[in-house]
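Each of the next two complexes has chain A plus one more chain, namely chain B in the first and chain C in the second.
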Partner chain A sequence: MSDQITTDPSKPAQRMRAGSMTLTLGPWIVAAILLAALPFIFTSNSGLTIMNQMWITVVFALAYNMLLGQGGMLSFGHAVYAGVGGFACMHIMNASDFFASMPLPLLPIFGGLFGMGLALIVGAFSTRSAGTVFAMISLGVGELIAACSVIIVAFFGGEEGISGDRGEALPFFGLNFWSQIEVYYLTAFWVFISAVLMYLWSRTPVGRMANAVRDNPERAEFLGYSSRWVRFYSFVASGFFAGVAGGLFAINYEILTEENLNAASSGVILLVTFLGGVGFFFGPILGAIVFTLVQTVLSLETELWAFYAGSLFVATVMFFPGGLAGLIMMHVPPLRLGKLGVLTVPYIKTLIPAAIGILGLCSLVEMTFHYRHAATGDHEMTLFWTTFDSHTILPWIIAGAVTLIGLGIARTTAPALKEAWNDANTAGGKR
Partner chain B sequence: MELILVNLIDGLVTGLLLFMLSAGLTLIFSMMGVLNFAHASFYMLGAYFGYQISLALGFWGALLVAPVIVGIAGAGVERYGLRRVHQYGHVPELIFTFGLALLIEELVQFIWGKNQMPFNGPEVLNFTAFAIAGNSIPAYKIFMIFISISIFMGLLYILTKTRVGMIIQAALSYPRTVEALGHNVPLIFMGVFGVGTALAGVAGVIAGPVLGTFPGMAFVLGSIVFVTIVIGGLGSLWGALVASLLIGWITTFAKSYNVEMEAVLNGIGIATPDDLSENLFRDFWALTSPQIADILPYILMVLILIFRPQGLFGKRQS
Partner chain C sequence: MSTPALELTGLTKSFGKAEIIRGIDLSIGKAERHAIIGPNGAGKSTLFNLITARFAPTSGTVKLHGEDLTGLQPFQINRKGLSRSFQITNIFPKMTVFENVRCALLWAQGYKYSFWNLVERSRRLTEGADAILDQINLLPRRDLPAGMLSYAEQRALEIGITIAGGADVIMLDEPTAGMSHSETDYITDLILKVTEGKTLIMVEHDMGVVFGLADRISVLVYGEIIATGKPEDVRGDPKVQEAYLGAALEEEH
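Up next, the complex of A and B:
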């Protein structure tokens, strides 16, 4: 489930490494270079907007995974901490004297502090137990604060929310943060710092104890740790980084509404994190990137993107509880054995027909949707660059045949794939 | 006095409707130890199936057939979905039902669209049963009360007096022993899940015409149902009944009596500040009870979870 470090007690160097706060530098340098270089590849404004949204989701998902993946606490109201952090930042932005004397890049810290403050209050009673009770309290508190946002107009701004202007801050080395690209680098800087800090947190003794409490609270108690306080620390730290994400949201969009607090946003972040994989540190990053792409790109193509995302989510929970990251890390043992090549041909034989079959299924779904919900008389629809009449029988036959043949081939080649998989995971034998 | 009576009846209708959902949910919880997030989605499916069937068979046909279909769907979900996820532990189970709730909402929007469906109650019940001081009580409300009470009675009878009920109760506490005695426990679990969702389906069919049949109806009621069974105590049927009625009455009374926060605070001796418009707590002073009626159950739940985590009637501390 988790990225456990297995140590050999006979080797002191390795034993040291498990407890110390070492940071493998390679991936982080690559990540930093990527963060800095991406705006040169995707230069358009929409590209920058999507990337900003992506990185904000990354921070939020990583903060959420501090609870779900590392602490084993399932929260149904985590958007509240990000939202409150964001609202606080908005108010700071509108406070003219204070904000004018402070550079903008410091703002997310205040978002984090407010998120942490709320987490301190709520965590004081909600972290007494994990599991269902924690999930229920988080749901109740989430709903409560989301409902308050319409009532307490002074802080949450009621229905229309609160908006501000990030340009009023003290210029930061001559930067006013008026253009999209400047905001991008601000966001990227904070994403990098937060990710590093959260990674280091997971290496600290308290981060390690969070894993222990997740797996076996009773045993952790016997070792002399209070599982309640360990959960509390994780919760507060997670609240801080969620607040940072909220602050970045405030800077990027310059408006916050009830939507940032409600149960739907909390649900989305759960979906993102689980899709990416809760067992590995990089899982939520992957989930945030993939989900944002699916959301922005797929929603341009089809009205049914939420339906596909929901199906993908349920399928992930049922068949790949490790998420995307788990799926990738499954291939590490074959790689170590040098037998990844064994899998290539069976993968091509199974996955390509399966993908074609699923695309056929999607076109059937799209055609049904068009048939039922298009305006009367509108028989023409475009799917995969072909335009046809959805009320004639031919497209249905083609789509149905593609689905059946694709999934049929995938089904017949699946046993061979399974065999190849077993072979790839066994040392020795034929290459 | 007459208003109190009318509100009592309205609260009873809301409470009993809640109870039909929470009874199934609490049974499923005590059986599998997992809260079924998608429970309210089965309620929504009940309403939509009811609407679709009522077009062909009329309301009474729908009331009979739709819950059966919902129950079969629920049993299928348990057999092919939950049982599979069960091996990964409780948190993935909770996440699975959450994902299912999302998926069912999208599915309903996919099939029926986003608009409200014109689902109407039966013509036979379209009259005023009686009137209290000018407030007429429609016969449909009386019918709802009647149905819910008879379901509660039936459930209580089956669970406590029949052989099937005894086996279910035994399977809830000692599944391994019951299995050793030769009963098919997975089948019992599937059956209870099916019956629980079918109850939600009944609630959907009879609530659809009153509360509206639209894609958001599961979301509106969903979290309140959780709140109900948490307040009542997870796994307790009587707790679910008491909590449902409590919530039904609290929200109804809060909505119909306009109690202002200012009056309450003045009543306990706190004077209104002179300049309210600049005060940080101005919204707090302006609160009225209809405004906060919908969040009262959540406040109650958080308080219960802090001071009595096992709920009003709960025995175990999870």
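Up next, the complex of A and C:
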């Protein structure tokens, strides 16, 4: 690579390329350091569990985005490939002789191979076209295999699933992976490798053509590429990495059930990927982190976490179709123009009242829920470190007022924000 | 005479009962610039779509350098050295201009479906794509999303994508449709430049472009070729004047 980083100012192409090399390496180094350092910050076992879950979701969401974002294929049944990869890993764990001769860190590869194997079979007929046909086949196959879980009990273990013990693997440099921290580093290693490989995939000829086929399958055909084969390769690669995610799940939880491959899980990964943003490589990573936090941390605070996650998803689809990543990348043009500062004050004026208003709205939702669903006679509830009686009128008035005032202020300051936004996106201008 | 670059024999196409192409025999020599003209609805675009296998012909054969193309898919025909543009701009709007051209180079440079090469690391790809961009004067627009280009620039990009793969038979479907005079001149010069030494088959309405570019002209009326020949012969042909120019006059009035 070194021979290409030489910069010749008369050749813009080369200058660009040298620049993008440094740009692309930086985030990976930061990510590697973060992955290695996070257990020193969040030392508790629950912290490690949450992070493991996060990284598994990252691998899965990135694999899913190879289809959705990069290949333009909307799948409603992608949990199947992760699930089958995971189940295969559980069976390997239970094949004691073989498992005892294999170090545990290799297990996700087998998960990947089984996920890929299934994707080879399904992809052979499902990738003929994208769009509705592909979506419907993915849904059908997903339901079919989820239904098999109660029929083919030998593989899927019926209702109780398949469980095993990761500790029976061949010790890896003396590690038995009994403790959570050892599993964390195994997971972190694989999430890093998978993310790098998936990123590199997107830079290969077949990865670039996946984008081309997504944008305009017909034109791609007239450039010598069969849209179907391009889709097929993306699908198989995506199945592999989904299987890796399944294998990591098997290692972490030592049990797989029907829940790992049903339509609900497939729906969640679509939600995660879209929330993060399908248009950028790092979008699904963001989505996985945010969603896992909502799912784990928020679910400790409220029973209604799924309601909030759903609202967040709907809001994303409606107002920010680019997802969180799109939202962040919207700020690149103002940054390039050096006018990000123009936005600071309007942001504070609008977003803080809006956040307070939304919290007020959430309070109303929580109070309604408590009023309707708490045990009879239990009138006391705690919200934002305040304990009060949900059957008296005062808390309702306060929450209602906070909501109205917060959202009201946000509404009056929104035009100024819009103006500032336009200003920040225009070169020159007033300053 | 050597094998023609493109040879059509008894080509017909019906959509249900409607016969759109009614038996076309046409032979286009190597390095010839051939224009197909005719009134609206004569079947010019359908003919293009038959040659490039976007539609399957009802009967008849298409031969490229003497090789029968029957039953081949568009991507297979493209690999044999026939490339086309579209009447309606057909590019990859979300990708950058540079990437549009680079995608067009991938198969021609032998990358196929490889996932062990990184496109950024191939100097041949980058330089090849930049050379094409330079040829079509879009180098200053290199890193913009293709969808943001002006109409004329998108048409130029379309031509760039079409020629990038190095195909020796180039088919352009109304390359100057919807363009102003200066844009038309720009595209005409561009076509002359980039199809040097190649076989060019184009559908075109602008007679200035046709008579400026074409070595030979075929006139297509109601699915049949009523005349083929040198521009001046075609212009003087009474059948052409009656069928084509008459229809054109009707359209105007």
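In this section, the second predicted complex is superposed on the first by the 408 of 431 C-alpha atoms of A that agree within 3 Å, B and C clash if a C-alpha of one lies under 4 Å from a C-alpha of the other, contacts with A are read in each partner's own complex, and residues count from 1 in each chain.
Please note the rule applied: contacts are C-beta pairs under 8 Å (C-beta built on N, C-alpha and C of every residue); 3 or more make two chains touch, one makes a residue touch a chain.
Just so we're clear, the structure is a prediction, and the values are computed from it rather than from any experiment.
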Field: Which superposed partner A:Phe307 touches (first chain B, second chain C, both, neither)
entry: first
- request: Considering only touches as defined above, state whether A:Trp229 meets chain B (first), chain C (second), both or neither.
  value: second
Task: On the superposed three-chain arrangement, identify whether chain B or chain C touches more chain A residues.
output: B
Message: In the overlaid three-chain picture, which partner chain does A:Asn216 touch, first (chain B) or second (chain C), both, or neither?
response: second
Query: Now for A:Leu256: first (chain B), second (chain C), both, or neither, which partner does it touch?
result: neither
Field: In the complex with chain C, residue positions of chain A that touch it
entry: 1, 4, 12-13, 16-17, 20, 200-201, 203-209, 211-212, 215-216, 218-226, 229-230, 233, 237
- prompt: Within the complex, which stretch of chain A touches chain B?
  reply: 68, 72, 74, 76, 125, 128-129, 131-133, 135-137, 139-141, 143-144, 147-148, 151-154, 263, 267, 270-271, 274, 304, 306-307, 310-311, 313-314, 317-318, 321, 365, 369, 372-373
Field: Contact footprint of chain A on chain C as seen in their complex
entry: 52, 54, 73-75, 78-79, 83-84, 86, 90-95, 99, 102-104, 106-108, 111-121, 123, 126-127, 130, 139, 142-143, 161, 165
- prompt: Of all residues in chain B, which touch chain A in the complex?
  reply: 34-35, 81, 84-85, 88, 90-92, 94-96, 98-100, 102-103, 106-107, 109-111, 113, 219, 223, 226-227, 230, 234, 280, 282-284, 287, 291-292, 294-295, 298-299, 301-302, 305-306, 309, 318
